[in-house]
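First the structure, which I've put down as structure tokens, then a few questions once you've had a look.
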Amino acid sequence: MNSIHEVREEARKLLEEKRVGMVIGYGKGKGKKNYPIFITDPQKVEELHFESDCFYNLAVYLRKPEVCSHGKLAIVVKGCDARSVRGLFSENQLKSEEVVMLELKCDAKGIGRDKCTTCRVKNPLTPEEKNPIDGEIAKILAMPMEERFRFFAEEFKRCIRCYACRQICPHCFCKTCIVEKSEPQWISSTPSPLGNWSWNFTRAFHLIGRCVECGECARACPVGIRLDILNRYLAKSVEEKYQFIAGMDEKAAPPLTTYKQNDNQDFIR
Amino acid sequence: MKSYNSSIVTKQGLKQLIENILAHKYRLLAPKKSGEQLSFETILRAEEVVLNQLLRTMTTLSPKEVFFPRTEPVLRYTGQEMHDVEPPTPETVLFGIRPCDARGLELLDKVFTWDYNDKFYLKRREATTIVTFACSDQASVDEHCFCLGVGGDPTASSGSDLLLSTNGDDAFLLEVITEKGERLLNSCKEGVELQASDKRAADQLEAIKDRFVRKQDLTEVRHKMPEYFDSDQLVQETYRCLGCGICAMSCPTCHCFDIVDEPKAGTLGEGARVKNWDACSFALFTKHAGGHNPRELQCQRCRQRYFHKLAYYPQKFSEESLCVGCGRCSRSCPVGLDIYQAVTHVLGKGRA
Amino acid sequence: MCTNNIYYPYQMKLTEIRDETHDIRTFKLEHVDPKLKESFTFLAGQFGLYSILGEGEATFCIASAPTKQGYIECSFKKVGKVTTALRSLEVGDLVGFRGPYGNAFPIEQMLRKNILFVGGGIGLAPLRSLIDNVLDRRAEFKAVTILYGARSTADIIYREQLAAWEARSDVRFEKTVDQLRPQDEGKWSGHVGLIPHILSKMSVSAENSVAVVCGPPIMIKFTIAELNRLGFNDSSIITTLENRMKCGFGKCGRCNIGGTYVCKDGPVFSASDLKGLPDSDF
């Protein structure tokens, strides 16, 4: 869609014809800033807005029980959110007939840390060539191992286990997160160096080939941990090794969640 | 608590005071920039304390961690043997907290001494002298601050041992609030020029108050709690909450914690029982082992936090709100939730 | 022993293990410190935190009566990490204990009254402490009636105790199961049906009476309604809650219902207390 007016019109129709029970979008609420809003009344579609501060990835709400209880949903998506929704389709978390995407071209810039400057899908489905984080990754890769270790140890030291990274991520959809499993306790829930290290790395590993690099985790992190670097590096590796970019094709399952007879197995010794 | 005396100290004098604190082997904690974060860190050199920054920016996390760390052992064990733990309590100067934070500590004192004294918190409190920076600079107050709406005051001395406020471009008013503060000042004032003054920081208050865009009184909630408890408006206001714990963990007065046993890596049968920060916004917080959850929905969890601050605590401990209006939860909320906005809208609408 | 660390548990020795059902087990525990064994006291209705080093703590009520001195008992169902670890213990092993915490059943207010005990499932555990306490002081109370219900005959706990109560001439004892399994046909002497339903047919008088109810939340809810119908007012209906807890003494903020701390203001509440709570289901 080309404008918020078209989105509003479509949202109104969808609600009026009861093709969806709720529209998830951006609105101004009572303040000046835009927030996620949830519309069930077709009379209220005028509350939908779309401006440069609409940086939230609304796809995360598609798994919130209160929202799901409204049946079929429509969601306003930018390029990055659209990738999330397609990623959820590809992992059978949502059925494409249950979600209507109201896709808009995004012109958000520079909100949060690099969240939008690293975007490769401002124009939905047109990957741009260069990602600014790649330069930072190159610097880390050039470090000797001990220094690299120190870099991440310093980052994770700050983690307070608020789990904002997990809660804001559309792809952290596990019903029981591994950190909440206590029999056995796979990951320490204590915000100590060891616990923080295992938590942040395990979460990153679980997102390999699934992360759409929307940058929400790094934006949400109250103590500024460079989760974006970690996730970008892993996404980049998947792209290089499997020629796979998450969330581009709703039919293509992430490579690490599938198994083929002829998969490379020489790492098993 | 009476105000002992007040004096004017120059910027240079204040730097000397910080030097002296360090020279006297106090552990000095003050807001320090690390990366893009401003947080309370151990200061080793006086120049690490950037006064201008301190006046203008509030730390992301509150100073509660100095007394109630994100994790701390309450006992250690080796096999079947238990060992008591003492909290590390070096003589500490906590420098540059805000009046809202200082007040928050007084509110926490009531919880940690309620019939059972938590020595881990209390011993750290005893060992710490608090030097507060009043929000006396025009830039100290931002659009999230609302201490005035919860019974606070940007230049209040309550909870502080020494109180500093700006006094012109290059000087500060230094008020001695408690004997503890006086002891610190007496032991560290050599070479610090103190010019006696009868000024009160409160004189500047009116001008600062004008800086506040958030002045509505939230304390009214506690009197009408049953009316607001089932407010649809509150459900609407908190619908976008995603259930992370940023609000609780950045809050100077949120004190919920978990107790878990933490085996020591690389050992067999060694470890510690630890107290870890927890948050009522987490879905698992109240979930019974049997599966039942008294607070099943996220909006119920938000309501718990808001009402604990504004209604339950005042009902239980004192007439004061547990929220001190520092604004940290709304500054850091990744989906822009805002206790002030939510509650004022509920107050405005009542049972919608 | 450590006196100023409120998180530091007593050490108790496990002296007896009884399996109540396939997943509910009872521990008898005695203080390792002989002085404490002598001096330790508690009140019926209070609870404690039981722990294993390296595994963590879990909250249960004290299920034995304060009049039985020298030991405490607790009963627990295997539901999580700590209860699973507790189940692996053997006689002679050590268990950490913090407590007793919380208020207690208002036994002094029950003197010279008729007392109706209604217990469901493992909810009999806190009641048992009070029932034994009352029976050990039997002369100070009027009629004592006990109604116990379990899901099936396989879920009945404290069998020996129930038989002893049933055998007493100064106690009216009724038992029920929600459903009778085919293998129990002809062998079950009690009622069949849910507690509130059986209660409605028992013709109990609310006159000068106190009802003490404990069980799963849904059972408490419907039993209170039935008791109201029988003429019990809310202040003469007593129950006990089990919310999730970590500290047990009003710090960790987990068990609050509105401004009420289950750990310190409770766990024993009257039905009128409960109905005044903001989050109340009752």
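Each chain carries a letter (A, B and C) given by its place in the written order, and its residues are counted from 1.
Everything below uses one rule, namely that a residue touches a chain if its C-beta (ideal position, glycine included) is under 8 Å from a C-beta of that chain, and two chains touch if they have at least 3 such contacts.
All figures in this text were calculated on a predicted structure; none of them were measured in a lab.
Q: Measuring between Cα centroids, which chain is at the maximum distance from chain C?
A: A
Q: Of all the chains shown, whose C-alpha centre falls nearest the centre of every protein C-alpha atom combined?
A: Of all chains shown, the one whose C-alpha centroid lies nearest the global centroid is B.
Q: What whole-Å value do you get for the distance between chain A and chain C if each is reduced to the mean of its CA atoms?
A: Their C-alpha centroids are separated by 47 Å.
Q: Please compute the C-alpha centroid of chain B, do the same for chain C, then give the distance between them in whole Å.
A: Between these chains, centre-to-centre, one finds 40 Å.
Q: Which integer distance in Å separates the CA centroid of chain A from that of chain B?
A: Chain A and chain B have C-alpha centres separated by 32 Å.
Q: Of all residues in chain C, which are in touch with two or more distinct other chains?
A: Counting only residues that touch two or more other chains, chain C contributes 80.
Q: Return the residues of chain A touching two or more other chains; collapse runs of consecutive numbers into ranges.
A: Not one residue of chain A touches more than one other chain, so the list is empty.
Q: Quick check on chain B: which residues sit in contact with 2+ other chains?
A: In chain B, residues 258, 260 touch at least two other chains, as defined above.
Q: Okay, in this complex, where on chain C does chain B touch?
A: My answer: residues 2, 4-9, 11, 51, 53-58, 77, 79-80, 83, 94, 96, 217, 242-244, 246-247, 249-254, 256-259, 261, 264, 278-279, 281.
Q: Quick check: in the complex, which residue numbers of chain A touch chain C?
A: Answer in residue numbers: 182-183, 185.
Q: Using the touch definition up top, name the residues of chain B that touch chain C in the complex.
A: Chain B residues touching chain C: 74-75, 77, 79-80, 82, 84-85, 111-112, 114-119, 225-226, 229, 255-261, 263, 269, 271, 273, 275, 278, 280, 285-290, 292, 294-295, 300, 304, 307-308, 311-313, 315-316.
Q: Could you pull out which chain B residues touch chain A in their complex?
A: 35-37, 39, 60-61, 70-71, 239-240, 242-246, 248-250, 258, 260, 262, 265, 274, 276-277, 279, 282, 284, 297-299, 332, 334-336, 338, 341, 345
Q: Tell me, which parts of chain A touch chain B in their complex?
A: Result: residues 29-31, 33, 35-38, 56, 60-61, 64-66, 113, 158, 160-164, 166-168, 180, 188-192, 194-195, 216, 219-220, 222-224 of chain A touch chain B.
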